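Below are structures written as structure tokens.
In the two complexes that follow, chain A is the common piece, with chain B as its partner first and chain C second.
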Partner chain A sequence: MYTVVIGVIGADVHAVGNKIIDHVLKEHGFNVVNIGVLSSQEDFINAAIETDAKAILVSSLYGHGELDCKYMKENMVEAGLSHVKLYVGGNIVVGKQDFTEVEERFKKMGFDRVYPPGTNIEHAVGDIKEDLADA
Partner chain B sequence: MMIMNKKLSKEEFFKKREEIRSHWPTGADERLEFEKAVALLKSVPDSKNFAKKLRFAKEHDLTMIQPRAGVALVDQHIELMQFLEKHGKADFLPSTIDSYTRQNRYSHAEDAIKQSLKQKRSMLNGFPAVNHGIDGCHKVFENVNVPLQARHGTPDARLLSEIIHASGWTSNEGGGISYNIPYAKNISLEDTIRYWQYCDRLVGLYAEEGIELNREPFGPLTGTLVPPSISHTIAIIEAILAAEQGVKNITVGYGQCGNITQDVAALQTLDSLTNYYLKIFGYDDVFVTTVMHQWMGGFPSDEAEAMSLISLGATVATLGNATKIITKSPHESQGIPTKEANAEGLRASKLMTRMLKTQRYPSDDVLKAEKEMIEKEVKTLLYATLNIGKGDFAQGVIQAFKHGILDIPFAPSEMNHGKILPARDLRGNIRILEFGNLPFDDEIKRFHKDALEARGKAEGRPVSFKMTIDDIYAVSQGILVGNSEYKEPSL
Partner chain C sequence: MSVHLLVDFGSTYTKLTAVDLKKEEIVGTSRAMTTVKTDVLEGFNLALEKLQNAHPEMGDIEAVSACSSAAGGLKMAAIGLVEELTAEAAKRACLGAGALVEHVYTHHLSKKEIKQLKQSNIDIVLLAGGTDGGNKECIIHNAKKLADANLGVPIIVAGNKDAADEIDDIFSAATIEYYIVDNVMPKLKKLCVEEAKKVIRKIFITKIIEAKGINKAEEKTGEIIMPTPESVLMAAELLAKGHEDVEGYGELMVIDIGGATTDVHTIGEGSPKRTEVILKGLEEPFAKRTVEGDLGMRYSANALVSLVSPYEFKKYYEYHEENNIEESAKKRQDNVDYLPDTDEERAFDRALARICTDYSISRHVGTVEVVYTPLGNMYYQTGKDLTDIKYVIGTGGVLINSPDPKQILKEVNKKSDKKLELRPSDPSFLIDEKYILAAMGLLGQKHPKLALKLMKRHLK
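Presenting the complex of A and B:
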């Protein structure tokens, strides 16, 4: 059973999607460590260290995701988590922007996968299983 | 000291008040001295008194309208308020408070005010009432002709409440549960109940001086498929906690669910049950009104579709005899609306309240059954809370949330159990799919289960969380009962 850390980054209190992700991942047999809303990069990293997680799933719905996720990959590497997969999804930037550009930007920042607004979590589950089986 | 549902003594209150006034420089304003605030509030005309206008509305069987709105700077905020009063025909005005103030981050708000002045646009998502102090808040009050209310989401609103009331604002939204569980992550209920006892005691002290102010617990909670019996129970408990502190004029709230019968049943029982339980628990001189919030979930992005949803909200609120409606705008899916769009939502709602003024939803067996189920569930939740609190509602709330006896779907707070799951039945009524630790008996559970199984059968799929997920996204996609496989019937 894979352990994954999920949460909502920054000053964001949007909880609904977080609960949905939690539920669906558990249904698929993941050991879900949900650090909830209003979580900092440090919260994600510490939870991943403590639970020996294989992946971190970052949610953001209020537009400031790009600021909140800055240097997250670097901070993970520094914390000895370079092997941990990093995902992000939601309304991760301010306003309507071309998603292929957004995806590229976040991939450059070290995110393994980037999901646009309205992605069905079932879709991401397949990716996660595939990525973790390879790892 | 363990928190109890017990009226704060004047000594306790005024001692605390000294400390609270020191939280930000505007708290030192001498117009916050109690006698001066009393004098100002006594000069507020009835037409600008929230509590009195609500009494008027209820006596005349009217459904009144109020928007949400707030910007960073005082003059722009006044312009917005005047526009909504004049072009939106708002009966009541709000001042929606910004997110920094809600977290008591007044220095962040100060920076944002400076940025807003520099950039000539609002850098805040609401009106920073604490930073503007009585100077700014009273200026807003003087420049409008209808009652003002602070609407926010602030776990600790003590200084905010002091400032707005001393500025002539005659209503305050919030409560120790409804401004904690949906708005915070790890603030204890013990703390927020204490903070809101203070806000309520302030209103109670004004009442002792002959000044009637309105208080409004936040009804919709997370605004996401909340079963009526859960939001009702919390509204009733917050009404009881407020009444203990001496509040005499309370508006209990409810967020539109989408099924017309369930919405009417919810509005009717919200009024009757709040009155009933206030009296049962010894608070027999509280004047109760109801507010319905138009759809709080995701909106369609198409403006015509959004306006249709707004009109449905106004329709059920009026048919269900709500005293007040909190309106939405056709820009809802995009975020904060322009003042023009905000006024359009108001006007569309106003028309419906006028057209339906003399019409009421007919009572039939379906409505009756829906009301009986809400009544039974509320009774179960309320007495279970009281029992676990050993007869005290403040203790009861803390224990009930801890054990999942009270549980709000999709809330961010760690104080919440988060084990229940709602879903719609075939007709769009909100039912409960997973009960967590809710203390419901088999009859209640069977009722919910049967309703959801009938949907599963009709849709040819098992009853599961997938339904919940589909329901969450349904309204923004233009349907009520979610079905990811849904296709328009065609020839």
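Presenting the complex of A and C:
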């Protein structure tokens, strides 16, 4: 059973998707540590340290995801979490931008996988299992 | 007449309170110097003699209960993983059990920290780290280090339960005295300190009382059932909650200014009072205690004055004459029995007490932090919001003996230069005039209703 940390980053209050992700991942046998909405990078990182999580799933819905996620990977490395997989999804940037560009930017920032708006979380479950099995 | 005698073996004084169970009143109180160096019973007997002489009508003593903070009280080290999470949870378990937390360590223990632990005179180590099912590598590493160090003090293991068996093997192989209890933070941000507190108290009763020579008192007093600060916390909780048909006072705060430390206890949820404020951090205990080892009237006088600049000191010191602050503090620290004998010296003590109050409250209350986000300002609260606290109760020699204790206690209030601190905005002040709070915490173990009534009658 893999432990994963989920939450919504920054000043973002969109709570519905977070509840659904929690539910779906639990159904798939994950040990879900949900830090909820309005979470800072530090909250994600501290939670992952104490719970020995294998992956962090960041949600951002309100358009400021890029700003909120800046240096997150660097901060994780600093905290001894370089082995922890990092994912992001939701509506991570403002408006409708070309997603391949967005994906590239987030990958440069150290995210392992970047999901476009409207991604079904079931779809990501397969990726997570695959990534964690390799690790 | 059936009298229940309550005894508090304090660091300076042994204090007695006699309660008449039938008449439901306090017969009298007395005190004598604590005599740990020779035989604690000397001080106790002297105080008892005083009490009996002053109240010849006092009949047979039916029961005795005692608490103690003599010989330095209970000193602990708290070890966790993340500073704000398991290390904080471990620290709260120690404080809630009435201990003084000498060291807090996070992550992997280093050689330097182990050396520090070896040199310090702590009584118990509390080892935490990891949620249940979470990180176990760190706590196991620390257990190994502690086993190698062989500190000669009991270790309470209150971390990730998945690591418990391995730690069990490590400590039993090293023949270390250890206790494995519930994780202080079993789930993220969930505080679970009851079992750890229970074991701290058990070790205190069976080992530490003996090691400090206070157990000699037990033949006369029966078991010493808890550290004094824990009885104060229990008294405060009883007074806040009430018992059966006797109503309590609701959310309240107790501030105890002593010679070595200042303790602050609050009973209350402390949840945000405004809807736009978001709560952060580890869950807060309903009955919360913090202890400041650098804020005390005598043993910590030097440390205390070093916290404030001479300019700031003057804000607390209402005497006009110039005073050499460092010298006056040193005089108190070098001579802990010192009693002020001039107006100037009394004013100096008052200034120290006001600083103890102001600073200890700053460290106890929660704070709000404004975060500027793309969507405007957001408010995050860490710790307890105590703005609505109804009562602030003062105890400890300097408050009890002061002609105007409320002037000192006013330092707890909201301040214009400390806007982000969630301090009480308009509390009523009560003084523990008869110095009975610890005694009432003890009495409350068996006679909660009576203890509650007596507190309501005598706190003024």
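General observations
Going forward, the second predicted complex is superposed on the first by the 135 of 135 C-alpha atoms of A that agree within 3 Å, B and C clash if a C-alpha of one lies under 4 Å from a C-alpha of the other, contacts with A are read in each partner's own complex, and residues count from 1 in each chain.
Operating definition for what follows: a contact is a pair of C-beta atoms (placed from the backbone, for glycine too) under 8 Å apart; a residue touches a chain by one contact, two chains touch by 3 or more.
No experiment lies behind these values; they were computed from the predicted model shown.
When the shared chain is aligned, chain B comes close enough to touch A:15, but chain C does not. Contact with neither chain B nor chain C is seen for A:132 once the two complexes are overlaid on the shared chain. Of the two partners chain B and chain C, more residues of chain A are touched by C. Judged by the touch definition given at the top, the superposed model places A:33 against chain C, while chain B stays out of reach.
Contacts of A:67 after superposition: chain C is touched, whereas chain B is not reached. In the overlay built on the shared chain, the residue A:51 is in contact with chain C alone; chain B does not reach it. Of the two partner chains placed around the shared chain by superposition, neither chain B nor chain C is touched by A:77. Of the two partner chains placed around the shared chain by superposition, neither chain B nor chain C is touched by A:102.
After overlaying the two complexes on the shared chain, residue contacts for A:23 are found with chain B alone; chain C is out of touch.
Where the contact sets of chain A with chain B and with chain C meet, they give residues 11, 38. Touching chain B in their complex are the following residues of chain A: 11, 13-16, 18-20, 23-24, 27, 36-38, 118.
Chain A contributes residues 3, 10-11, 31, 33, 35, 38, 43, 46-47, 49-53, 62-64, 67 to its touches with chain C in the complex. Residue ranges of chain C in contact with chain A, taken from their complex: 81-82, 84-86, 129-131, 133-137, 185, 188, 278, 280, 371, 373-375, 378. Those residues of chain B that touch chain A in the complex are listed here as 99, 183-185, 222, 224, 410-412, 414, 418, 421, 465, 468-469, 472-473.
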